[in-house]
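Listed next: structures, encoded as structure tokens.
Two complexes, one shared chain (chain A), two partners (chain B, chain C).
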Partner chain A sequence: MEPLLQHLLNGLLLGSTYSLLGIGLTLIFGLMNVVNFAHGEFYTLGAYVTFAGLTVASVSFVLAIPLTILAGMAVGAACERLLLRPLRAASIDTTMLVMIGLWIALQNAELLIWGGVAKSVPTPFSTQPVVVGPVSVAPLRLFVFAVSALLIAAAHLVLARTKLGKAMRATFQDRETAALMGVSIERIHTITFALGAGLAAAAGALLGPVFLVYPSMGDLAALKAFSVVILGGLGNFAGAAVGGLLLGVAEELGAGYVSSGYRDAIGFVIIVAMLLCRPSGLFARAERVG
Partner chain B sequence: MKRVVGVVLVVVAGTAPFWVWNAYHLHTLIMAGIFSILAMSLNLLLGYTGQLSLGHAAFFGIGAYTSALLTLKLEWSPWVGLLVAILLPALAGFVIGRLALKLRGAYFVLLTISFAGVVSLVSVNWMALTQGPLGLPGIPPVELTLPGLGAVSLRSKGAYYYLVLGAVVLAYGVCRRLVHSRLGRALVALRENEPLAESVGVDGTHYLVLATIVSAGMAGAGGGLYAHYTRFVSPEVFLFTYTVTMVIMVVAGGKGTLAGPVVGAVIFTVVPEALRAFASWQWQMLLYGILLIATLFFMPRGIVPELADGWADHWRPRPRTP
Partner chain C sequence: MRHLVQRIWALSLAAALLAGLGAPAVFAQPGEPIKIGVIQPLSGPVAASGSYVRMGAEIARDWINGRGGVLGRPIQLLIEDNKSDPKEAATAAEKLIVRDKVPVIMGAWGSSMTLAAMPKLEEYGVPMIVETSSAASVTKRGNPWVFRISPPSEMEALGLERYVKDLAIKQAAFLAVNTDWGRGAVTAFGDLLKRSGATVGATEFMDQAATDMNAQITKIKAGPSDTLFLTTSVEQITLVLKQAQEQRLGRKIITTGGSSSPSQLIKQAGAAAEGTYHLLFFLPWFPEAMPDGRLAKAFVDEWQKRGHPFEGLTEGFRGHDGILTAAEAIKLAGKPDPKAVREALWKVNLMGVNGPIRFEKDGPAGKESGQSRPSIFVVQIKDGKVALPAFLAKK
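Right, the complex of A and B next:
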């Protein structure tokens, strides 16, 4: 019984960062219709910026996270402005290939800058686990969960309650009408992409210290983000939040009871199973795919 | 003029081992040949059906492992190994194609990339079969039984070059035949407008499955040839880098053309090798990423169609202005 509880808890704590990744991607993939294979690179970027902030600039961990999010948003906005805006009329396949190019370029730029050796991020948290009844948990993981929950809530408020969020939803529902209502379409595209990239960077900032930071860490993260988005349904904010938690729990249970070697296969299996059985997501209204 | 270019190409490619003395240069040519087969195989899907497979390294890797395991563990002839290295990935292609059914675009990409992810993890974790990350060394070379000469081992680079060249010509022939057949026309029709094509009786799923089978089998052949050439396979054959390299070769060379992938494969094997002295592997990959983006921005159709048009413009008789 106790291992099960422990696995569930670990899964939820890990899953909260998958939710961040998934929400970021569901904005870009679901709303903007950009198959963002570079999503994992914003995650990696976030991890490295945090690492640099803590070791080179020696800012505090708590301050490093908002700085990382800003950096992720800035790079995301630049990518959108330079690469996606000129291709607005191009097909989804063209932008997908461009994002694959961006993925490779960014990953190898990181490899050149930081080298291939994995780095561990020093955090102020004690490695002594907190024991609560039958389960124990590292303080860092609790912090990661709290910040993820906070960021998800903040993103939700921006989308649901602000004028900006309303403009975003309007733009991706009907760009012509939104433009007629005075929404600056181009700006909304850039902001949406920046927001998605910022959330991915936040996930990197949070998970980097939990695991290790290395240039190709974003590859699996991107695929996990895709499986979260597919679980939750394209463009479904709540779906992505729940999907992330589900993926985290599924991975922990799989690693605990099946085989830890196949831990990372779970995301792939979810993608395949969902695409075959419920391509519009677990929670979606009927929607055409493809 | 086109004929002259063709004859020159045949002569140059057919005699290469006689004037390429440097073993390393010959090695580069052999790899260019293997990558030509891979790029042509990816082009069948990306260029003619419009569906991008980001799991092509899986078909390549399955082919490599199949032939390696059959010849090492069961001591089958490498020729049979190569044949099964085509059949087994083709079977995997059939399954993927069937599963994909109505999935198009991004969903097809995600399905293939997930398939490749699972296969790669299996190759690392199934120690009993694949020896995991240690890989399989000592794969036997291909042997050829010639009348009067007995068994000749294609261990030398020169001999292997001809085997690969033969395979490239065969793969090109298969592609050419397919593209000019009913299948090729159906694929292009589906790529351009699927609902319209289906309304005149073209069964989209049927043709997509067929294209995936042929494409996967061809990539498997490339894998088998690679295994018997390097005589070592490890889970690295599933590296995403291989898939990315194939994508760049096809997109830069000219997707949806017959010659494009071959031109792309030769350029993107020879140029990186030439640059190796000046730039590390990471710089090359960085450059690949930038080149892919630049191609899509400035030459979206690829090198071969752009050059062909330029050529046609140059030689077209100018209309006289009255």
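Right, the complex of A and C next:
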């Protein structure tokens, strides 16, 4: 029983960050119809910005996270304005290629600036685990879970309760009518991409200290994000949130009880299974985004 | 008239091109550098180790050139990045052989990467000095162009054999990277334990790029083993140690393969690394204890003079010894020709930073690879510092 509880706990903690990544990607994928292959790079960018903030600028860890989110949003907005807006009329394949190019460019820029050796991010948390009955967990991971939950809740509030969120949902449902109603489609696209990038950067800022920071860390994260998006349904916020947790738990249980060497393949298996059985996702509804 | 001018232009252009093509053959100066190929992971999950090996190789290059080079010519390292990927290692080998025409290569760090490059060596007939890879298959596949100076996992296990009682291992679990290296180590050390009367417990694997090993650790924790054999690169060892501490694994941990860089573990894993044992092939903390203490000390001093991180020394010496071997073989061959260098490698008998380097036959008869017998050491991290384990310090 004890190992099972520990597995479940591990899965939930990790899954919360998968949710962050998935929500960011589902917003971009669902709302803008852009296959954001560079999503993993915003994750990596977030990790490096936090690393730089802590080691070079000596900012505190708690302060570094909002700063990283802002940085991620800024870079995301810039990418949207410079790369995606001119391609608005182009086909989905063109934007896909451009995002792949962005992916390669960002990763190699990080390689150039920081080198290939993995970096360790210092945190103010003690390394002594918190023990609750049969399970133990590091304080840092609890902090990561708490912040992820907070960010997911905040994103949900923005989408469901604010005027901006309403405009985003309207654009998603019917672009032309939303434009007729006075919604600035250009602005919504920029803000959506920035939001998605910011959430990915937040995931990187949180997970960088848990693991290690190196230029290719985003590749696996991007794959997991795509699994979450397909699991939850394109553009489905709640689907991505729950999907992330499901993926985390599935990976942990799969690695714990089936085969540990192939844990990361579980995400792939889920993609294939979902596309075969329920292509619109677990939570497919008529109304998406929100 | 115009046609004539055009024709003269075309002919002179062609003549110039031909002259240009012929020039290298005519003008190949004795001072032209001899190229040695190097294939290492400089990016990807194991980039730290590859970078350290490169730094060591550069020290060897500069020392050799400072002594007059080889056959009166300086040596030049052509370094290719295999991106921690076996496919890239094969591509890099082909590039170095076909485009750059190197007479000898050193590489490719990871066993899977080396194994991927090996068919190219046989196809084109170019020898490679294997400086790090541990999988037995590297020298058992019947590839006569492979010469290894690092110990295979079996030799490592033999080096540990006499300490099994001192370490009080009754049942050991295994956590290894899911590559030829990791799997080979599990087999080799598993056999060692069975020979010594201990039993093998849970055997878990992790992908080379994996960062979350909690599932594997939970599984191992649920079993009755008293020791964990950990085989992977320093980045993953850091993560495993941290996660083992989080889950209060509380077991003796022994890392194998020599790429654990204990100083880096102390820095990045901190208290989580306390008490862990490491199988290594170089002791930069006690260079005088090496077979050639003077050379080892000089290497450590030069490394630090260049501002390289101290924690990289346990990996960097491999690059040095590999290039030293390559240069010696070219010298004995008398010319930078791949076949001659291969013949000469069998005659190499020198002292590297790790110790004596001399190749013995290994593998199927008639197509043997070369295998040297390097020195193997065990250290322990105690009180945040690297020390000899208690049972060794007494002797």
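Throughout what follows, the second predicted complex is superposed on the first by the 284 of 290 C-alpha atoms of A that agree within 3 Å, B and C clash if a C-alpha of one lies under 4 Å from a C-alpha of the other, contacts with A are read in each partner's own complex, and residues count from 1 in each chain.
What we mean here is this: a residue touches a chain if its C-beta (ideal position, glycine included) is under 8 Å from a C-beta of that chain, and two chains touch if they have at least 3 such contacts.
Treat the numbers as computed from the prediction; the structure is a model and nothing was measured.
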item: Room on chain A for both chain B and chain C (clash or fit); value: clash
item: Partner chain in contact with A:252 - chain B first, chain C second, else both or neither; value: second
item: Touched partner set for A:92, first chain B, second chain C, both or neither; value: first
item: Partner chain(s) touched by A:264 [first = chain B, second = chain C, both, neither]; value: both
item: First (chain B), second (chain C), both or neither touched by A:120; value: second
item: Partner chain in contact with A:174 - chain B first, chain C second, else both or neither; value: neither
item: Touching partner for A:101 - first (chain B), second (chain C), both, neither; value: first
item: Segment of chain C intruding into chain B (one of 21-29, 75-83 or 111-119); value: 111-119
item: Residues of chain A contacting chain B in one complex and chain C in the other; value: 111, 219, 261-262, 264
item: Of chain C, residues touching chain A in the complex; value: 41-45, 47-48, 50-51, 178, 204-207, 209-212, 214-216, 218-219, 221-222, 235, 238-239, 242, 245-248, 267-268, 270-272
item: Sites on chain A touched by chain C in the complex; value: 2-3, 6-7, 10, 14, 111, 115-118, 120, 127, 129, 131, 136-138, 141, 210-212, 214-217, 219-220, 251-252, 254-256, 260-264
item: Complex contact set, residues of chain B against chain A; value: 50, 52, 54, 99, 102-111, 113-115, 117-118, 121, 124-125, 240, 244, 247, 251, 280, 282-283, 285-286, 288-293, 296-297, 300
item: Contact set on chain A toward chain B in their complex; value: 29, 35, 83, 86-87, 92-94, 96-98, 100-109, 111-112, 219, 223, 226-227, 230, 259, 261-262, 264-265, 267-269, 271-272, 275-276, 279, 289-290
